[in-house]
Amino acid sequence: MSLSTTAASAIEPLRPAAGPVPVLTLSGIQKSFAGVRALVDGALELYGGEATALIGENGAGKSTLVKVLTGIHAPDHGTITLNGKPVTIGSADEAQRLGITAIHQEAVVFDDLSVAENIFVSHRPRGRFGMVDWSAMNARAAKLLAELEADFDPGQPLRSLSIAQKHLVQIARALSFDARVVIMDEPTAALSHREAEDLFRIVDRLKAEGRAILFISHKFEEIMRVADRYAVFRDGAAVGAGRIGESSTDDLIRMMVGRPVDQIFPKIETVPGDEALRVEGLSHPTEFDDVSFHVRRGEILGLYGLVGAGRSEVMKAVFGLTEPSAGRILVDGRPLSIRRPDDAIRAGIVYVPEDRQHQGAVLKQSIVENIALPSLAQLSRRGFNNRPRERDVAGALAQRLQVRMSGLDQPVEDLSGGNQQKVVIAKWLATQPRVLILDEPTKGIDVGSKAAVHRFMAELVAQGLAVVMVSSELPEVLGMADRVMVMARGRVRRTFTRAEATPEAVVRAATDA
Amino acid sequence: MNAVSNGRLGNGVKLAGDPADGGGRTGHSRFAFARRWEFILFALFVAGFGLCSWVSPYFLDVWNLSDATFNFTEKAIVALPMALLIIAREIDISIAGIMALASVAMGLAAGAGADVWLVVAVGLATGLACGIVNGTLVTVFRVPAIVATIGTMSLFRGVGYAILGDQVLKSYPAGFDAFGQGYFWGPISNEFALFLVLAALFAVVLHGTSVGRRIYAIGNNPEVARFSGVAVDRYRFVLFAVVGLAAGLASVCLTSRLGSTRPSLAVGWELEIITMVVLGGVSILGGVGTILGVVLAAFLMGLVTFGLGLVNVPGIVMQIVVGVLLVAVISIPVLLRKLGLARGGRR
Amino acid sequence: ADIRVGLVPKSLGNGFFDAAYKGAQEAAKEIGGVEVIYTGPTTTTAEGQIETINALIAQKVDAIAISANDPDALVPALKKAMQRGIKVVSWDSGVAVDGREVHLNPSSNELIGEMCVQLAADVAGSGESEVAILSATPTSTNQNIWIGEMKKVLPKFPNLKLVATVYGDDLADKSYRETQALLKQYPNLKVIIAPTSVGIVAAAKAVEDAGLSGKVLVTGLGLPSELAGHVMKGTVKSFAIWNPIDLGYAATYLAVDLVKGDKGGPDAKLPIGRLGTVSFDKEGAGAMAKPFVYDKSNVEEFAKIF
Amino acid sequence: MKTAKHMAATRPGAVRGWLASRDAALAALVVAVTVGVAVKFPAFVAPSNLVDVFDDTSILFLLALGQMLVILTGAIDLSVAANLALTGVVVALLNSAMPELGVVPVILLSVALGTALGLVNALLVWKLGLPSIVVTLGTLAVYRGVIFLITGGAWINSNQMSDAFLDFIRAPLLGLPVLSWVAILGIAAMALFLRFTATGRNIYVAGGNRSAAVYAGIDPGRMQAIAFVVSGAVAGLCGYFWVSRYAVAYVDVAQGFELQVIAACVIGGVSIAGGVGTVTGVVLGALFLGIVKNALPLIGISPFWQMAIAGLVITVAVVLNARGGRSAGRRILEEKPA
């Protein structure tokens, strides 16, 4: 395998002469979508018994490569070699038969089927006369779930699970194959710390069984924890590969971005102003109980908790998406009745949801249409569209947030996950809010963009915006928040000042029963 | 290709309005496709028009063409709001039932001595009320639109039958016939003029206002629209009400044109109206479509009906033509794409 | 040149109207210089007929002879035709006075009503007998008039007791189901009168399927070709119908009479070729002949014709 | 069946779960309507009458099951009634031309022709990726038109049909007409197919989440195609049944019946969005419609009121159904101690 960039060969370490033979080799992979060149020169080697981390900015082509490997997309050019033999992977089915399985970045689940059937959807156990053997399926599913320490039943419909639990089901599905190559595209994005640890242990076991793992993540702690090798993509091309121990995080980031990036959280010290939002005794029959908090101008309130703690539900109630059974909401000290999101938006409260595909962006519409949607009332002239103004506003925000796109008219669908997230943030900033609620704002965002989002957040706060940031990422919460509120099982456990908020204390508050 | 990669390799940021990205141009592929659709319809219309004038000596006659507009105008009046409703990912198949009930209500009002405007008001109010029933079923009781309106379709017409039985209502006040039989200017009938005005109105609302933008957003993804502060249920409700109102209006025109009311009025029109909307390029999956397309489809269907009628081909053969058109028009772009550049491989 | 007559049936494909078209062609040939355009909707709707009428107006035909799906709804369209100089005749199922010059009834309504009841009385025998009527759609003009006439005549037959009137909408399945319901609801039912060609067949079928052939008798108006089998099985003993060929013949004749300058309107008398003349009443309606009764003795012969 | 028993054993809540399900609610509704009618007209619940009602609903059962497959894959087939009519007219013509042929070729031809017509939909939806509602709206018009072209609108009446052609579906077998047995077989076969075959399960998968199905190596278009072909085959078979039962074939046979078929599915709880629905539900939905249709004339409801009542009943049923379908979902809070 040869890598095209000179920078890459400089970094690539010398391999021992009698080194291991790769199980899977990709070279010269090209893939374009209607003029968008997602992969220009994709190359990769995976080794049995080792995990290779694939890193790159949002839109670098990582997920596209995964889709090529799993038969979802046919490459325009390039060769794939499996165990020394060239192969073509024509369909998802074929990939599975070749022993390649993946946990995709998008949720690939069936809400109305049972957990067990979700796991075995493409290879149900068969009994007599080729009939589906339900009891074998449930039994095997129960065993897989037990390994993942999942506390739900194989017979349960998937609909009744939380997003994190659904993700565990997808992991169980990938493990249910006796696969030689296991691909994980940002598998921990929806997982709590503890669940992520379980996953890492599983990766270790898979490695011990001699399987080849491809691990995609934007979190370097994880990469350092699980990976043996790395491969770096930039702009659709492989720009470097090697063994993990031989490069520092900074080296990797430089390869990814082409420049050094500050990973420090750009916390700007501000003097908080007046109280912007106060929530008192907010309750819901099934989701949360007696939640009270406030946030001031120029302040970031971090909201930490394990996935499923009910943080999003509280925020949805504040934003008028669900109806609370009790409690009140005050904006600028005045009680306000918020029945629908437009009430909240008018009061200056906006909510960036965590599920950008289903709640954040209209995927089929263009970037500018998405950004303009919540602020049409301000951007239009008496209800009539004002397209130039929409373009100005959207263009400025897209630039500010470094959205990587081919133009403002590109459908959001065609953007990489991280860039979609930036469009969602942009659309809410376009409304010029006073209180910004961010739910997992940097989930699935690369280091470079993450820093950009954080810096932008800090600037906005310095200008007097009040921010509530829901996050399951501890460093992000501790780095950015002025105060940290911790929720567990639908109730507020404790609120820390910045000084009190040590990692141990916060995690203890989130986990104690 | 170089421009794109260079643009990316630079600090990785693509600027809006960068000359290389075509950001200044208005369209992307979706709109280009829609434009092509309307073009296909227009070309078909011109071809059909030419063919008819060549085949039948009676075709190119102003009054004949004027008469021909009556065959589709009332359906087209309902097709306009129906297009908005379908773009918003909903559907109403009770429209013909609404028309029947509205006509019955007007007949009763007329029988009780109401004057022209009161009769019209009763017709519109009945249509609106039926639309509100549908809207309520969909937004309050959360019944999927197609399901809810399958039920109300029989309900509305059934109420008409229940009230009217085997009676006929025909004592309409003098002057009521103007709606369906009168002329606005020369050979332009009142109802055709009304349709043109409504078409312009709906085109402006859908394509020129925030309301239209929100309708498209709802159709593309109702959940995201709701999360973006669009009062989704309110929009849906109002759209159902407007469709009901338009059905009431169409019923005024049709009742006036027939001069009498029976509960069997407009049987089977729901499928014709939906066909018209879909033929006009409105995606049944929501989020895509234009008023121009619907208007062209209405003209095209009117042309086919009239042209075939002129050579005494029975209506059912025209059904075949419309059925083939429907499938052909939506497959042409797909086939072109398959034959031409094999874009994006399989997705 | 030619006189062009548009002959419009209630719907295309109905054997009855196809037979009428045969008669119309016969008249056209006999008169000479006449072209018959046979066209209409495929479902029995007024809207469909209006489209047909508009197409005929556009073609500037000389006359329209129509069997109406709705007596009132067609009036505006036919008025427009008359304004453009087209002569309008309705036949079989009429149009309101304003919408046509003359109307040709196949027979007189009184005679038909009486005939239906008479047929029922013939098969019912002497004892007390329950009778039900299976009609077409509740809005069908001629059906309702005939039912009215039947009710007028019924008191003359004290042994007949009318227990129900149901509507099969001229749909085979609905008529079938309505008959089934009748049989269950009225176990003592003796006769079903179906003055509709769709209904009588469906009723006979339902009676046979219920194993009541011969016990419950079906009669009314129907086509020999459709009923021959049921007559042979004994479900239908006798039924009546006018001759649709004659009807189409006469309607075409009338239309041509009008085009040639004869005046229609009240108290006119117009020639209808081999059938003689029709006299019209104050409303401009005239009757062709009285219905003809078919039974075992003649049905097979006529079944070959229509 | 061993597996079924095992499942019930491992899930003690299964029975209670079913009792809370929409199928159970619908079953209760069906029983309630039946009882309501019986109060007014006791003979309605006489076994012979119930057999009649079932037999009369048989065609609806079969068509609704075929339609269910299509709806499960996230598509819809509006052309079923037109397919039924075209096939029915063709086999009636065949029978009148060659009465000596017997029933077997008629059945084979009806299934073959129905399958072919279903295949047209299938290919358009699968290979060209066109929306099914549009495709079938188109083929619905075309199929009806074709009947007119081949018959010139003429009717084929019972006297033109052979006795074998007419009697087959009526022949009693263990107290039920053959037609009813076919419906029962169809119901059982569909239940087994959907529960125990890979294709049956993949039908749910394809409709449940289209893109996820692709990721799982299942071609949703192919599943839709299979569903359309099955729906077409069923419609074809029902074409024969229909013309035989009503002993007449013409252009407007079963006009508008597609909406009743869809109504049976949605009353039965099949989600129009795809991926959700049970055979039990569909059977109950069809039965519900069949009972209402048969009962209204019996209890002496004025013919003018029948349509309104049927409409009201359907509307109420779908509203109740929509309410029943709202799942409780997960809950975060532990139950509060009282």
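Here the chain labels run A, B, C and D in written order, and each chain numbers its own residues starting at 1.
Keep in mind that, in the parts below, a residue touches a chain if its C-beta (ideal position, glycine included) is under 8 Å from a C-beta of that chain, and two chains touch if they have at least 3 such contacts.
Worth saying up front: this structure is predicted, and the values here are computed from it rather than measured.
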Centroid comparison with chain C (C-alpha atoms), farthest chain: A
Centre distance in Å when chain C and chain D are each reduced to the mean of their C-alpha atoms: 37
Chain A and chain C: spacing of chain centres that average the CA atoms, whole Å: 74
For chain B paired with chain C, centre-to-centre distance based on mean C-alpha positions, whole Å: 38
Gap in Å, rounded to a whole number, between the CA centres of chain D and chain B: 30
Residues of chain D touching at least two other chains: 148, 153, 251, 271, 304
For chain C, residues contacting two or more additional chains: 12, 42-43, 138
Touching two or more other chains - residue numbers and ranges from chain A: none
Each pair of chains that touches, named by its two labels: A-B, A-D, B-C, B-D, C-D
Complex interface listing, chain C residues touching chain D: 11-15, 18, 42-43, 138, 166-167, 171-173, 176-178, 180-182, 184-185, 198, 201-202, 205, 209, 225-230, 303
For the chain B and chain C complex, residues of the former touching the latter: 56, 58-59, 61, 64, 67-68, 70-71, 161, 165-166, 168, 170, 177, 180-181, 254, 257-260, 262-268, 305-306, 309-310, 312, 314-316
Chain C-facing residues of chain D, complex: 41, 43, 49, 52, 56, 148, 151-155, 157-159, 170, 242, 245-248, 250-255, 293-294, 297-298, 300, 303-304
Sites on chain B touched by chain D in the complex: 93, 97, 137, 141-144, 146-148, 150-159, 161-162, 164-166, 268, 271, 274-275, 278, 283-285, 314, 316-317, 319-320, 322-327, 330-331, 334-335, 338
Chain D residues within the chain B interface of the complex: 78, 124, 128-131, 133-135, 137-142, 144-146, 148-149, 153, 251, 256, 259, 262-263, 266, 271-273, 302, 304-312, 314-319, 321-323, 326
